[in-house]
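Each chain gets a letter, A, B and C, in the order it is written, and its residues are counted from 1.
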Amino acid sequence: MTWHQTTIQISEKSRGFHLVTSEILRQVPELAQIKVGLAHFFIQHTSASLALNENADPTVRHDLEAHFNQIAPENMPYFRHTLEGPDDMPAHIKAIMIGESITVPITNGRLNLGTWQGIYLCEHRDYGGERRVVVTINGEENTQ
Amino acid sequence: MTWHQTTIQISEKSRGFHLVTSEILRQVPELAQIKVGLAHFFIQHTSASLALNENADPTVRHDLEAHFNQIAPENMPYFRHTLEGPDDMPAHIKAIMIGESITVPITNGRLNLGTWQGIYLCEHRDYGGERRVVVTINGEENTQ
Amino acid sequence: MTWHQTTIQISEKSRGFHLVTSEILRQVPELAQIKVGLAHFFIQHTSASLALNENADPTVRHDLEAHFNQIAPENMPYFRHTLEGPDDMPAHIKAIMIGESITVPITNGRLNLGTWQGIYLCEHRDYGGERRVVVTINGEENTQ
């Protein structure tokens, strides 16, 4: 049984949905040592999300951004939390809806994702800056 | 300390919200060996979800399907990801909103669910086919 | 390696989003013993949620309640699950959207939250009563 825990950075992204599987995985080489276990990825922010979705056609990411802007529009008349800009409150709504963490099974040293699944950073702010992610890995190590 | 990991199948379901607690649990008898721990259920798809919700009145499942079709309608004019059919992009939106995994406490060999909680397969496609779920169980075993 | 599991109560809250970090943490002193691990908080209900979001400005909580009431309004004409009152079906929708559990990394005896992150109880019912949360903590203990 092993625990690995590390805090990694995801480079600044524009507002929208971004595929970051390889940007994240190259920062957690310890995954390769785990035969069976779980990897937990936790973003330490309240206006960006981690999620899993399609890793192939980039129009999926476009359409997610377009539609979540309909679900959580800027400048709703009942918004009181407006001091940090019109993009801030919609960002909190999207963050609580999509969530701040993902947990993924590890099998034979790799994330056991489906064929079409990739890790998304969902940047809900116009200028969110770098994002911090705490990665916690727990499992049985390979013995050879 | 024990890890169990297995990939199970959930049989094809119609589009909508389905109670699958017993279909899942009969495929993971190893749960009964765990005194205290966690069970992680992970669907390897980007157009279906796993979730927890009411296990009693089936009208809850009807109303969830009806309302999520309002939140994520087909044929939005800004959708570009349309090649896989009008049900595909709404399916991705619902999947990222509801999520692809659930983590449930295990206590004395059973999922420690609330009285009214059951596991849902949320099938967002018209014809989604069989769905694959990776189940990862981690905990302390019963000693007797 | 240690497992701790306990069921705690969160006192009755009004409908809306509530910051409950300290109400929860004072009921799980075992956290202080864990050097590296994960804490899982699981609400045993289908009409309330646990989530993470901003711990500072209370207007964020106001605006979340206002906007989720737009996303999941009462009395939609297609609702069939109406016997438990007009607030019940919207509560199920919000619960499945926001989720019933959170998993948070533990580092050196504390939840490794971001500066602005706090734990929310999202009470979706008008009169939800006390809420039960199963807390499961798993990790390596401090050795001194």
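Brief remarks follow.
To be clear about the criterion, contacts are C-beta pairs under 8 Å (C-beta built on N, C-alpha and C of every residue); 3 or more make two chains touch, one makes a residue touch a chain.
Quick caveat: nothing in here was measured; it's all calculated off a predicted structure.
The two sequence copies chain A and chain B touch through a face in which the numbers common to both fall below half of the numbers used overall. Chain copies chain A and chain C are related through a rotation whose angle, from the C-alpha fit, is 120° to the nearest 5. Spacing of chain A relative to chain B, judged by their CA centroids, is 20 angstrom.
For chain A, the set of residues touching two or more other chains reads 1, 71, 97, 99, 103, 138. Put simply, chain A touches chain B in their complex at residues 1, 36-38, 51-54, 57, 59-60, 62-64, 66-68, 70-71, 97-99, 102-105, 107, 112-117, 120, 122, 138-140.
For chain C in complex with chain B, the residues that touch the partner chain are 1, 3, 5, 40, 42-46, 71-72, 76, 78-81, 83, 89, 92-93, 95-97, 99-101, 103, 132, 134, 136, 138.
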